[in-house]
Amino acid sequence: ERDKYESNDVAGVVTGLAWTQVGGDILFIESILSKGKGTLNITGNLGKVMKESATIALEYIKSNAESFGINPDIFGNYNVHIHVPEGATPKDGPSAGVTMLTSLISLFTQRKVKKNLAMTGEITLRGKVLPVGGIKEKILAAKRARITEIILCVENERDIKEIKAEYLSGLTFHYVNDMDEVIKLALTDEKVKNAKTL
Amino acid sequence: ERDKYESNDVAGVVTGLAWTQVGGDILFIESILSKGKGTLNITGNLGKVMKESATIALEYIKSNAESFGINPDIFGNYNVHIHVPEGATPKDGPSAGVTMLTSLISLFTQRKVKKNLAMTGEITLRGKVLPVGGIKEKILAAKRARITEIILCVENERDIKEIKAEYLSGLTFHYVNDMDEVIKLALTDEKVKNAKTL
Amino acid sequence: ERDKYESNDVAGVVTGLAWTQVGGDILFIESILSKGKGTLNITGNLGKVMKESATIALEYIKSNAESFGINPDIFGNYNVHIHVPEGATPKDGPSAGVTMLTSLISLFTQRKVKKNLAMTGEITLRGKVLPVGGIKEKILAAKRARITEIILCVENERDIKEIKAEYLSGLTFHYVNDMDEVIKLALTDEKVKNAKTL
Amino acid sequence: ERDKYESNDVAGVVTGLAWTQVGGDILFIESILSKGKGTLNITGNLGKVMKESATIALEYIKSNAESFGINPDIFGNYNVHIHVPEGATPKDGPSAGVTMLTSLISLFTQRKVKKNLAMTGEITLRGKVLPVGGIKEKILAAKRARITEIILCVENERDIKEIKAEYLSGLTFHYVNDMDEVIKLALTDEKVKNAKTL
Amino acid sequence: ERDKYESNDVAGVVTGLAWTQVGGDILFIESILSKGKGTLNITGNLGKVMKESATIALEYIKSNAESFGINPDIFGNYNVHIHVPEGATPKDGPSAGVTMLTSLISLFTQRKVKKNLAMTGEITLRGKVLPVGGIKEKILAAKRARITEIILCVENERDIKEIKAEYLSGLTFHYVNDMDEVIKLALTDEKVKNAKTL
Amino acid sequence: ERDKYESNDVAGVVTGLAWTQVGGDILFIESILSKGKGTLNITGNLGKVMKESATIALEYIKSNAESFGINPDIFGNYNVHIHVPEGATPKDGPSAGVTMLTSLISLFTQRKVKKNLAMTGEITLRGKVLPVGGIKEKILAAKRARITEIILCVENERDIKEIKAEYLSGLTFHYVNDMDEVIKLALTDEKVKNAKTL
């Protein structure tokens, strides 16, 4: 039995798409802040490449804080913890990059994530989004989980075109080149309920 | 021979349910504070995922200290040590998450844990409780150990329904969605005897 | 040829009982203090679980310093080094817990250890003593080494009852539930000769 | 399908040439700065030797800052992150040295990298460029990616001479002995758009 | 071809006896001080147990500085480096303990080591010397190297008694119980030439 | 094709002799300084023993700074980076010790290294040079690389005597006992061009 989309009530919780040996699945990226000196904690039974995605997302945000409307003093005053639930399952690969980025921007701005949205894509330090594998399996899992909108790299559009139309009904695709587009699509202007003042 | 439930006299000691190759068992999570600068020690022959549960529990509490009635200054003035007894047995997996969370809240608030209570469930950074495996074996072990109340994730209710009624007599089940519910069910308002002033 | 009991002239030296592939043996736990900032050194070719016992013993003492009559300022002004001699032999397991605890209390209080005494038992953060294995082999080794008093967990009493009476002559057993009882039994009120002023 | 050259709009992004089991390819070195105390982050699923190249490049620049027109105070006020995209692919070897050096000089000076340029070569602490392997495969990949200018070590000129002329049409080669020559060839005097003031 | 005894001109250089797969040999322990904050460097291709001997020796000296006539302020103002030459040969085991202890006391007091002396024995934190193996092979190597005096643990006397008298001619044995006896036997009251003022 | 000797224009660059599975070769040790707090970086795909040689060389210099005419304040104000080029080749063993020592003395004094000189030998903390293996192969490689002077340990003289005279023509050998002799032979009194003021 597969996971289902959950609500968007909490800052830092974003839905990603994963591709495992037993097929596609959705996964959640969660992040929280606690008072501290800027330590980054990463948990969830993650391999080296997936941990690197978390570092890339955080360092990219630090380097471009102003363009995201984030006060850079935050980074020195809080510890960040990024977690990917279901610790019994080992996870790896770069495709959670966009999801981690979105999670952290939501966390630092306390902005609400768009409803029923999922995403998959590698991120890079220059702000680009790169294509990833397992698109067909991921899309099927997204439908099962009641996702209605999906963000992908433009280079993954051809993978969508190879999928039968009947599997795509009810899904809207957003193809992006850059991480800025992901954030514009994924985050609303609304703050989450009980938004923290950072 | 299996372990038996013990008393609830000491802050930070909470009963969990474990599932090993030789069947179900109960386990104890113990935690203590000592003057320090916020270091987290984790012992008990634990694998990576179980150590991550301890980090998740502590960071979640740090991030939500006020909602638990905890003065956040405590975190910088004390070291925390979480231990799982019976060091000869290797232990791993995410299912001690709720038990570790309850142990730490009891420790930081010096509140007494409810009597004859055990629990099992994964925790996440957004405050949810996730279902875990081995429910049947864990329930049998709980009965043998004289446990009378058990906290489980709502998604584990179906596992209970598959167990014959005769094995469940004398057991009360509490199904939860969120970590807040765990704490309301597990901790009394009473302080432990000789409660520390933090 | 097996080890023999040695004197109790030095603070921090306590006799334990070990169980190895070649049978039972006694072992010594030694600890010393040097001026420093609280670092814990652990040597003696020890495995992960035995090193964890040293951490558990030290953290338990830090958390309960007053109840042992220890000025907690000591912990920040001295480094602690715990060693288990005979470095050519790898050692592991939790059963040296009570011995390490007694060694550290003797060290911090400079109190003399009782003569001709040995002990074995796992310790936990809530102050309990847990039973351990290899009791028969350990008792035989204790006799050979001229030990006359032995501290064990109450749950190990049944192991003693299974040993023929002739092997037990000349041995007095103390069965304990808690670490406090160990300390009352193991340490005299007398300071060691040339006791350090801490 | 192989990668294509991309624009030179962003400081710190430089095109390298790689040689893998499945043939030649281009790769990108990306680097960014964030406020900090001089930490070096290296990501991209890199092996030990490729990580060492990043350290060599950064330490060489620190040791020769003035000759590159870089204010040495920068090093203590910013963290540097070097990334090599496509995290699913393990990468190793010393041949990205010149590319990493160019990336960092572009980053610290905010100068634009020359268009349609790629490079490959090991670097050393005395400022020399050393020859590398896989030249033929790398050149073919460069052509496919629309590269027009290539920087190589002078000792790799003989490898170019062994390649049929038809494969080289449209490519200009720059053979270098030293790292200074690389920087003169690779970086323009123009700042990137939205150059940071360091 | 085997090593030969060398002079005693330099503080911190002491001759030990080693037992390897190819027979006995002598080895040298060397130690130096440099201005610093108390770091301990250990080199010479040493295994875990031999590195532990170095830590035990240094911590024992720190804990008993006054009894050795050493100003304890030295430990915080200098780094210590202990090396065992012939880096191509892996070395391990506890038997260099007495040699490392003597090397460090010579270093901290700048006292000259006795001439033509070698030693072997494990050390412990309570100041005892423990017996070690390979005595026959070590004695033969000592003779070949022109050693005339040897320090051993009293418990190794029986190993000497099993060696034919003809192999022992020209050798004087000193059997010790404690580390204090080692130092009295091994160090002269004379300072080395060009003794450092610490 | 083998490496060739290069110039002596840069401080800290010294030619060593290496012995690999495919025969002898020359190698270069390079070192640089950058403003910092005394960190030692070691790169070049080196094994544990070769990294230890770098530590031994640096610590020996720190301990004997005055005798080399080096202001000891340098060590706390600069980071040192030692690199051995050709990162694709794993390297190990103690025989680069003299080369690393010479590199660092040249670096700290900014003195020029003698022309056409190569060396091989292990170093120790008491200032001695020890013999190393592979002498014949190393000498042949030195000739091919146009080396004319070679520094060896006196104990390696017998290895030279076993080589046919025709292979030795044009080579001058310097046999040394101590590290001081290496420095006197290897470094000129002349500063390098553009010497740094430290």
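All chains are identified by letter, namely A, B, C, D, E and F, in their written order; residue positions are counted from 1 within each chain.
Please note the rule applied: contacts are C-beta pairs under 8 Å (C-beta built on N, C-alpha and C of every residue); 3 or more make two chains touch, one makes a residue touch a chain.
In this text the structure is predicted, and so the values were computed from the model without any measurement.
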At the interface of chain E with chain F, does the proportion of residue numbers present on both copies reach over half, so same, or stay under half, so different? different
Rounded Å distance between chain C and chain F, as computed from the means of their C-alpha atoms: 52
So what's the Cα centroid distance for chain A and chain E, whole Å? 60
Just give me the whole-number Å value for how far the CA centre of chain D lies from that of chain F. 30
By the touch definition above, chain C meets two or more other chains at residues none
Cyclic chain order - from chain B, heading first toward chain C: B, C, E, F, D, A
In the complex of these two chains, what residues of chain B are touching chain C? 10, 12-13, 28, 30-35, 41, 43-45, 79, 81, 83, 85-88
Can you check the complex and tell me which residues of chain E touch chain C? 48-49, 52-53, 55-56, 59-60, 62-63, 72, 75, 93-94, 122, 124-128, 130, 133
